[in-house]
Amino acid sequence: MSDFTHFNEQGHAKMVDISEKNDTVRTASARSSVSVAKEVYDQIQEGANKKGDVFAVSQVAGIMGAKKTADIIPMCHPLALNGVDVQFDWHISKEETYSIIITSEVKVKGNTGVEMEALTAASTAALTIYDMCKALDKEMTIGPTYVLKKTGGKSDYQRS
Amino acid sequence: MSDFTHFNEQGHAKMVDISEKNDTVRTASARSSVSVAKEVYDQIQEGANKKGDVFAVSQVAGIMGAKKTADIIPMCHPLALNGVDVQFDWHISKEETYSIIITSEVKVKGNTGVEMEALTAASTAALTIYDMCKALDKEMTIGPTYVLKKTGGKSDYQRS
Amino acid sequence: MSDFTHFNEQGHAKMVDISEKNDTVRTASARSSVSVAKEVYDQIQEGANKKGDVFAVSQVAGIMGAKKTADIIPMCHPLALNGVDVQFDWHISKEETYSIIITSEVKVKGNTGVEMEALTAASTAALTIYDMCKALDKEMTIGPTYVLKKTGGKSDYQRS
Amino acid sequence: MSDFTHFNEQGHAKMVDISEKNDTVRTASARSSVSVAKEVYDQIQEGANKKGDVFAVSQVAGIMGAKKTADIIPMCHPLALNGVDVQFDWHISKEETYSIIITSEVKVKGNTGVEMEALTAASTAALTIYDMCKALDKEMTIGPTYVLKKTGGKSDYQRS
Amino acid sequence: MSDFTHFNEQGHAKMVDISEKNDTVRTASARSSVSVAKEVYDQIQEGANKKGDVFAVSQVAGIMGAKKTADIIPMCHPLALNGVDVQFDWHISKEETYSIIITSEVKVKGNTGVEMEALTAASTAALTIYDMCKALDKEMTIGPTYVLKKTGGKSDYQRS
Amino acid sequence: MSDFTHFNEQGHAKMVDISEKNDTVRTASARSSVSVAKEVYDQIQEGANKKGDVFAVSQVAGIMGAKKTADIIPMCHPLALNGVDVQFDWHISKEETYSIIITSEVKVKGNTGVEMEALTAASTAALTIYDMCKALDKEMTIGPTYVLKKTGGKSDYQRS
């Protein structure tokens, strides 16, 4: 059974040494979502078609969030990200429940993976949607949030 | 149907004017979770009992995350938070699935609510757990994340 | 002739003591601008009418910039801003020069003025427009940038 | 006519992927200015000759501002800057108007240009001068602010 | 024997609730120092008398450091500081050892003390002196660093 | 006698150009300490053995502090740190004085040294211990703080 790599011999967390790892192009993609009331769906659609685009603000927050990852997650290594994108899609179930599906993609040429940056981008985008719609609906739920895919490291990962 | 309050007449997002609102003691509590493999459960338990406490790091991240809310969420008002706490509990289902339940509580004497701070604390704590355990388990899932309770504003809220 | 208030007896800058000043509702408004080539004008208009709204991104940057003022300007007092808005207007001269006019408004209930926050919001919004359009036009010019109006302090100010 | 590169297919801003671009030594220089009343000129000169150097504070703010560029400008790539300098010169017209000319220079070995860092350094330095002198003169005007020069990328640029 | 107040019932650190405490004017003063080689002393004195003032940069760093305290120290409450000053004095012993004595003063109208802000200001100022002089002298030593005085809380404190 | 390298020809501080320096693996180690009352010693020991680990929080603060170095120290170059660790040891003298010895280690593959990052990590860890124990003991003293060792640059350094 593998051990945590994040702890020193005193049992305290450390930022793991990655100076021996090679610079490669690495990508990661993560997903989050916000389930909302029909009223929120209607308002966002109306705004997006005319003015007042909730997703435009959430997108900026997600991208800036990715850049703040090492400032927010204690043991994350700072990385000079090379590209960040966030996409929004509506999922409407047969039972007429409304969900915003958030997909982030992060790219770096560096010596460690960017799944935390992708997760932070998606989470920040979701929190921003919550913030901008909370006057309409207090029951919104964020997530599940998870890593979709990861390439460029020791081994690739694709969520099954 | 109520309109979004976060947009100006040009259809762009603004930080809503709250200068007329009164200072009251306001609290909010939010919940997130991380579902993990049995291996992660075993390792965290072993660490907490001896050395290498994942929750201690995640706790610090959650509290610092609450303080960064207005820096992360674009339209959030900066607030001088008066108290922040985060708690962790294990939930083990009959089918032996393992989840860490994260509960945040935030308190302020101020003129707007702190549900975004509570959500950001819980989300940051969850992301930190993911970061520290991802070498063991890439399939971890964060959330659902939502507001549990809110007091001290125009109307209280309790998740049903 | 009045002296600088920002220096201590050793001749070094200090953050001036404002603990004796009263909390009042204070507002400030500032203006900046970006002069752009016709090509930029055309592209922004096309984007705004359909998709790809430069101003939406710039707006978010301006509002977040206002919140970062005390982190950027060394002697500025941290303030819990109560409201921030940014507006964009096109000015097209008879000679067909194109300028984006940026107007920021900031509000606080506090013990010092917010003209620096208004100036920082307008400047950050202008820099963001530059960033997003620089692939099309390297000759863009930002400013002049100045305070338009200020209320709620010892004396009001209105630019003549 | 070239298109904006900063938008994804959903019409939302993204941080453009630069992972394919090469690391080269890149420089950029930008200019801003602050026009001030004679009283401000007199006070700054007196301070600089003895004690209380406005430019020393503004210089520090400009350099720290350059380092914060990717935190302030949403779509800017984080870059590990290799050198930043800011210079101040007085320009006094025949009509006895007084202007502080601010010139920034930024250098990086990296895969994207640093004109935004140079512009942010110059703008932050200008805002800091405004802040430190605003008790004497509320009519100060910042800018125009623009890129002077850029080397090391696909094509060099020199303002005409 | 008093218990730590910073831990919750799970044994993890929390930001202590201060919402019941009253807003009063509070001050704190802290001291640090940097012991340096004679060569550093000579260079700093020469710079201060002409150009290149190490203390001017250190002063700005100390003041900005005070404002970052709650961002750096995990359990510190964010506070809207009302005033910050830093002073530098030389202490030259009979044995011709050279020390820079750093004294910070911080003021707030708020519901908790500012000794951490005073300590952070003094520490940041000391680190900045180290950074700017390290090419001349690698043996510099920072500190001791401690609280000198504290007023305005439940009980005043004066270092004996 | 060598001159300060941190000043430009106008006598103002600049961030020195390091674009010509080579990327090598560099390490630095620094030391700080906190001298505390016996009561603090007893409480920390009790907490560490059961629950409420002061060092766990201080460790996280130290690591995050290392990452913030370029944001706190004005002329420091931003660096993508590859590893950070902090260790705590008790030193109890014959006279029964109690000191926490803090040792930080920082590693980077980069073009400038990391002694400032090591010093900032150790200082931030010390300040956090002070913060968490100040309710028990106001006489705690931080430091001396200094660089222990440095490798990978032009010349190695080992404190004598």
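Order as written gives the chain letters A, B, C, D, E and F; numbering starts at 1 within each chain.
Methods note: contacts are C-beta pairs under 8 Å (C-beta built on N, C-alpha and C of every residue); 3 or more make two chains touch, one makes a residue touch a chain.
This is a predicted model, so every value here is computed, not measured.
Peer 1: If you apply the touch rule, which chains end up adjacent to both subunit E and subunit F?
Peer 2: Common neighbours, subunit E/subunit F: B, D.
Peer 1: When every step has to jump to a touching chain, what is the lowest number of steps that links subunit A to subunit F?
Peer 2: Minimum number of steps from subunit A to subunit F: 1.
Peer 1: Counting a repeat as over half of the contact pairs in common, which of E-F, B-F or A-F repeats A-C?
Peer 2: B-F
Peer 1: At the place where copies subunit B and subunit E touch, is the share of residue numbers found on both sides over half (same) or under half (different)?
Peer 2: Copies use mostly different positions to touch.
Peer 1: Between subunit D and subunit E, what distance separates the C-alpha centroids? Give it in angstrom.
Peer 2: 30
Peer 1: How many angstrom lie between the CA centroids of subunit C and subunit D, rounded to a whole number?
Peer 2: 15
Peer 1: Which subunit D residues sit where two or more other chains touch them?
Peer 2: 10, 12-13, 53, 56-57, 60-61, 64, 68, 71, 74-75, 79-80
Peer 1: Between the chains shown, work out who touches whom and classify the graph as line, ring, star, complete or other.
Peer 2: Topology of touching chains reads as other, fitting no named class.
Peer 1: Which subunit F residues qualify as touching subunit E in the complex?
Peer 2: Against subunit E, the touching part of subunit F is residues 1-7, 10-13, 32, 39, 42-43, 47, 50-54, 56-57, 60-61, 64-65, 68, 71-76, 115-116, 119-120, 123-124, 126-128, 130-136, 138-147, 150, 157, 159-160.
Peer 1: Across the complex, what residues on subunit F touch subunit D?
Peer 2: Per the stated touch rule, the residues are 8, 10, 12-19, 70-71, 74-75, 77-80, 110-111.
Peer 1: Show me the residue ranges of subunit B that touch subunit F in the complex, using the header's touch definition.
Peer 2: Touch residues, subunit B against subunit F: 53, 56-57, 60-61, 64.
Peer 1: If we count contacts the way the header does, which residues on subunit F are in touch with subunit A in the complex?
Peer 2: Listed in rising order, the residues of subunit F that touch subunit A are 25, 55-56, 59-60, 63-64, 66-68, 79-88, 107-109.
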